[in-house]
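First chain written, first letter: the chains are A, B, C and D, and each begins at residue 1.
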Amino acid sequence: MSDTSTLTENGKSHTPGALPKAAFATMSGLDIFERMMAGDLPAPPIMSHSNIRMKEFSEGRAVFTGLPAREFLNPLGTVHGGWISTLIDTALSCAVHTTLQPGEYYTTTTLNVNMVRPLLETSGEVICEGRIVHRGSRLATSEGDLRDANGKLIAHGTVSCMILKPS
Amino acid sequence: MSDTSTLTENGKSHTPGALPKAAFATMSGLDIFERMMAGDLPAPPIMSHSNIRMKEFSEGRAVFTGLPAREFLNPLGTVHGGWISTLIDTALSCAVHTTLQPGEYYTTTTLNVNMVRPLLETSGEVICEGRIVHRGSRLATSEGDLRDANGKLIAHGTVSCMILKPS
Amino acid sequence: MSDTSTLTENGKSHTPGALPKAAFATMSGLDIFERMMAGDLPAPPIMSHSNIRMKEFSEGRAVFTGLPAREFLNPLGTVHGGWISTLIDTALSCAVHTTLQPGEYYTTTTLNVNMVRPLLETSGEVICEGRIVHRGSRLATSEGDLRDANGKLIAHGTVSCMILKPS
Amino acid sequence: MSDTSTLTENGKSHTPGALPKAAFATMSGLDIFERMMAGDLPAPPIMSHSNIRMKEFSEGRAVFTGLPAREFLNPLGTVHGGWISTLIDTALSCAVHTTLQPGEYYTTTTLNVNMVRPLLETSGEVICEGRIVHRGSRLATSEGDLRDANGKLIAHGTVSCMILKPS
């Protein structure tokens, strides 16, 4: 039984933590996110671990929400920059992923995060949007920001990715 | 009863997730890390949440270990860049923190991460070291890297911090 | 008698390459750029040296044009990333400068540049726009991009600045 | 007859500002720098334009000197971050270039610069060293710093490059 069949028949049974390899080979990035949102493909473990949820995907754009929690606090009592960076990396890298054709892969090589305001355990749900800036055949970049429920900017950043086409 | 007394008498009872405010006011950065390693001050929640452990601190240098786990995987089945960034942010920011005098605070404003090799759930424990590069009165920067048990470089980066002296 | 002379202390003509110190103390950032465009304050030397011209300033936004030339080429025969970075740094830092009140100063601490397409000696005039993203009392960030005459993206980036208020 | 002429196709003298294409195809990166230092290959125009000189090259390491001048000043009267970035980009990108085999090319995709101290027209010669951090088959990164004659750190940074092997 191939990965492909688990994709089409009972998508919930494959290895937690990874898309079946066939997904990248046969589906576009947008298809993958649509299937994930529909529950037909597994959401990656990092998402529940970090209280992150998928919200919206279109070509070149990916939006996630995140809920701060006590587990994410740093010694200063604010939300750790690592949690903020996880959301920024997720949204901006997925913005690149939404532009992939079947058979294309990608890897994020550089993440740059500007943290402009502290985020608190009590800040409530935040929203993080990634937007493609450049999509070439080998290189893609995206930018995006993380805001609280009132639209206040907490952090923004950029990501640089390599586009790979295994032969 | 002040925060200070909880520090000296029964350090384990304060709010999870934050150092007592008195810690920053009365202790140097190095003192704080020594107390954390001794268990007299609470380690921040992000650490157990992200499988991160304190390893070594000296002035201008902070070393942590981290253990990849299934919960940290991204859709590609590799460890999410957010986990890598959490470790890089932790080690590099704490390298700055080790240089603080009592009464000084800091905030990390920019995090830059170069991810050069995939990290796997099966890669085993990694080590992440942060080293101060510049320590001025208002600005500090550090650099550092994350390596696997064989010394293979997984990621490296830089951090820029503002030093604050509330009056 | 121009207003410029009032800016120079004791009628001494100021050092080429620097605004009179009084400019920062008594004028807003926008005022300074308006005076520079009017020729009442000196444009900094880097501009003619690098074929850069001021184009437009409003609060939180600064636009410059630049003309590639043979002097800016790297060994690969394309325009050196340093010239691109000079334009990005100029536009993004000046976007922050446009938000300064009299008596406020600033310094750029981090520059991040993503170079996405080669720029040629024959590419013709480029336009580089900087836009403020965050303006706090101590920290400001901006983003922006450099495009050729056809709107093609050559590079984009972010800048982080410290806002200073000497007492 | 010099070797340079064999590099120019059909005896045509090459365009100032660019290495003959044959150079990348037939010489290693280190060979190219050795020839440049010997004057057998042209130094790129950006160097004399920006008062930059080659100092030392070994595999994975490139060192340049630079001399601040009035032409590089910004409105604050200090050396423009663009000149600093030009040196950082040069040394760090060339550190990657020293690792290229004949037939390999590269392009710098991300430049990150931390500016930690002002540089003055009167600061005198500075030295900028780039060191390779990671050299993979498709991705390379380097780090480095710019110091004044007393060893004081002015700026440091990282660069990310794509390695290309045209077929």
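Note that a contact is a pair of C-beta atoms (placed from the backbone, for glycine too) under 8 Å apart; a residue touches a chain by one contact, two chains touch by 3 or more.
On a predicted model such as this, the values are computed, not experimentally measured, just so you know.
Chain C and chain D carry the same sequence, and matching their CA atoms takes a turn of 180 degrees, rounded to a multiple of 5. Annotation: 24 Å between the Cα-based centres of chain A and chain B. With each centre defined as the average position of its C-alpha atoms, the distance from chain A to chain C rounds to 34 Å. Across the assembly, chain B contributes residues 109-110, 112, 114, 116, 139, 160 that each touch 2 or more other chains.
Chain contact topology: the protein chains form a complete graph, every chain touching every other one. Interface residues of chain D facing chain B in the complex, by the touch rule stated above, are 112, 114, 116-117, 133-134, 136, 139, 141, 143, 145, 153, 156-158, 160.
Residue ranges on chain A touching chain B, taken from their complex, read 15-19, 24, 32, 36, 44-46, 48-50, 70-77, 80-83, 85-87, 89-90, 93, 97, 105, 107-116, 118, 121.
The residues of chain C lying in touch with chain B in their complex are 109-110, 112, 138-139, 160, 162.
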